């Protein structure tokens, strides 16, 4: 029988596109014959902002890239700037940075699990995820005064030291979280319907994943043993004991499992940090901005220095919760970066999606899309 | 011997100079030979194209390819230098699939034309946008208004005439 | 499909049902975590970055906050006889850079986060709405 | 012997001693049939009020239970613990603008929600709420219920087609595919019960479940046919279109399925139909497998009241299960659903029927 393909426009306003993504689907009944992705509805010109603001002023804008997990964005940019200017960071500051980033990784994966399950129709998981996320966000609020847009990591250190009562709360969170992950696994992992929906859906092989530029947990789900924290250890990751989680299948379920395991690993890292965090300064006084809590007499020692890194360019990358987050920063020796380029993990991971979903059905598109775990603020910048 | 020098050794005519990008080896490539170099580099094990960056340097436009090898765990940066007036370079989409979107983005924001790209059109900005924002000579003072037309296409104007509620 | 025939016992679903039942029966420490917002509010942390406040005595109107603001939120305006910052909170990122930059320690951010308003103009917080006098301890 | 609600009303009126008087009055006018019509109208009014109240309560219960499972409060503001929230919602929906898309087929678009609601309401007719609390004890009650249920997909298809929206159309097509493939196991499993009872009448089915085996286990068909019960339950949940089988409106895929374009009162109609259907289907499950209104008799209180209470308790137990399931599991895929329906449910249902027929023919019970 001769049939006509249906052009279905999914998004930019659609419940499961996680924002303003648009799929142009060519459907044969329920089967996807062609998938085109249209992005850019949330483009805010962050890279142009980077050229227009000073090095310090651009940090708040990086918060707005991946707003689910903003701390790695802060850190990735600051790391690039530090490499460019050759700034030393006190050890305690490094510990705090890793602490907040791993906490953010847990938050990100909780949100991802929740939204994946919500996309598949199970609406309870997201609330459980958000419940634990709330505890973590309150910790961030104690730490830096904001819940999602932190502006916390600064060149040469961090903005403020850990507040009183942070460590007990962290320990409580770790203990609580361990129990809760078991809960999630019981609720989701073995659920036959969940398995039916995610097993063998959106399969991508290791070679293809690499060629399509996938990174992070999405790629490790395909069996590439690659974690920037392991391969190019930055900050204090070389001192920490953790493993890069990996699954071989390359389907949606594998990508999901990688993230559950990563939450465990992150908890493990948090526990190590809670045990071994050293005392000391949290900021390199020469470059950093100390919190302005001193008496007015000590004005000058707290005054922020203006950066003028030497001419040069740097590409520095970290393992953000969603994948490889890189910042290319070029300096021309003035107070503002000459060029800031953001290599966002969501953007590059999305390239592989049309490949994954060809020949599958709309519900599979949503399952595959949910496990790639993108944030539109990160895609469109 | 770092990968950039290796590359220089393998393709002496294509590599103009070898340097560093802060802590990563950098090779400056003749723009005509980019495709050849890319194939060679892929052979050398650089299977991951991290990012393509276009930088407007007033008199020239640089396009920087940051590569990573999963096998050797090595970094390499390639740089091509293009004319400012008509920046054109070969597309590497055939070698790294991820270059598809990265090149479109560079085309969109910096205005580098990639020859041989299967679908070179704007990605982040709407079709019909005037200028390339990350060029240093981009006119920031002109406002542009975007609406979506009947068939989902983007309509751009500078005077707001396409807006439903006129400005 | 094979999954159904292989796992016809549906143990996974039953496990999940037990988890949700635990929540229905409120077994263990599984209290309601949300709050009834307009009637009860969550306590914000002392470092919370909300609406700005300027110490009337300490502020010298130097404009360093204005320079440091990434989004041109701050403008120095004349109020009475002295110069004070004026905040256009509609543009504020609440990043706290102005607080960090203040040489006289006059700026701080309060826990006031309910800033929604009907017009853009009313989001401009002039000195009359942000000045406060530090209580001098005796 | 009172057999249906009409006779019950007559009996109550006679007990008070006014029936003869009213009847005489109408007979004087020679319009006895008008009295009959009035009584039937009263029945309909009572049923309608009952359904509306149930729908309100169910929508509150669903949200509240959802909230409890998810460690939230749920509706809290309107009324005690938010009990009047459905009323507030209803007022909101009534006062909303009734939008008909420009390209929609106006008549069908307007008609479809009412067909859905009426077809669901008609299911209540042979539903025995209690001893003699039944609108009409049809002799083909079970067949009637299955037949009326098959009207719903037609109206959903009308709604989806008339909306002139791709998502609506896909939702409607899914709904039809789903309803067709699940009505078959539903019917076959019900027939297995009919084989035992020997009658299609719902009252007969309930009566057949009275009494106890060994003095303890009630003679419910769930114990006789556990497989049949599970199949029937799954088929019913699919029939209702609830998670894990809610394709017709699967929000994350099709925005809102067949009622994407609906708003205001028409949307409220779909909403009413959904919850009315939930109660009706749960009632049918109770009637067929859980002994209907049967239960230990309590002295003094008339059986009509105790049986009604038993019926409602059992029905809410089934509803609770459906809601609990909804809170826990994700949605299966449409093709998987059809696979389950055709390749697992129907063979199992046939097997169940075969065993039942064998048992009855052999005269084991």
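Read from first to last, the chains carry the letters A, B, C and D; within each, the first residue is number 1.
As a working rule, a residue touches a chain if its C-beta (ideal position, glycine included) is under 8 Å from a C-beta of that chain, and two chains touch if they have at least 3 such contacts.
Just so you know, these numbers come straight off a predicted model, no measurement behind them.
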More contacts between chains, A-D or C-D:
A-D
Taking the mean of the CA coordinates per chain, how far is subunit A from subunit D in Å?
47
Find the geometric centre of each of subunit B and subunit D from their Cα atoms only, then give the gap between the two centres in Å, rounded to an integer.
61
Mind checking the centre-to-centre distance between subunit A and subunit B? Centres are C-alpha means, answer in whole Å.
24
Expected list for subunit D, residues touching two or more other chains, is 69-72, 327-329, 336
Two or more other chains touching the same residue: where does that happen in subunit C?
1, 4, 13, 16, 19-20, 33
Sort out which chains touch which and give me every pair.
A-B, A-C, A-D, C-D
As the complex stands, subunit B meets subunit A at residues 21-24, 47-51, 53, 55-56, 64, 66, 70, 73, 77, 96-98, 100-102, 105, 109, 122-126, 133-134, 152
Applying the document's contact rule, which stretches of subunit D touch subunit C when the two form their complex?
65, 68-73, 76, 324-325, 327-329, 336, 339-340, 343-344
Of subunit A, residues touching subunit C in the complex
53, 56-61, 63, 124, 131, 134, 138, 141-146, 149, 151, 159-160, 163, 183, 186-196, 199, 289, 291-296, 299, 303-304
Tell me, which parts of subunit D touch subunit A in their complex?
66, 69-72, 166, 170, 243-244, 246, 250-255, 327-336
What residues on subunit C touch subunit A, complex-wise?
1, 3-4, 7, 10-13, 15-16, 18-20, 33, 44-49, 58, 68-70, 93-97, 99-105, 109
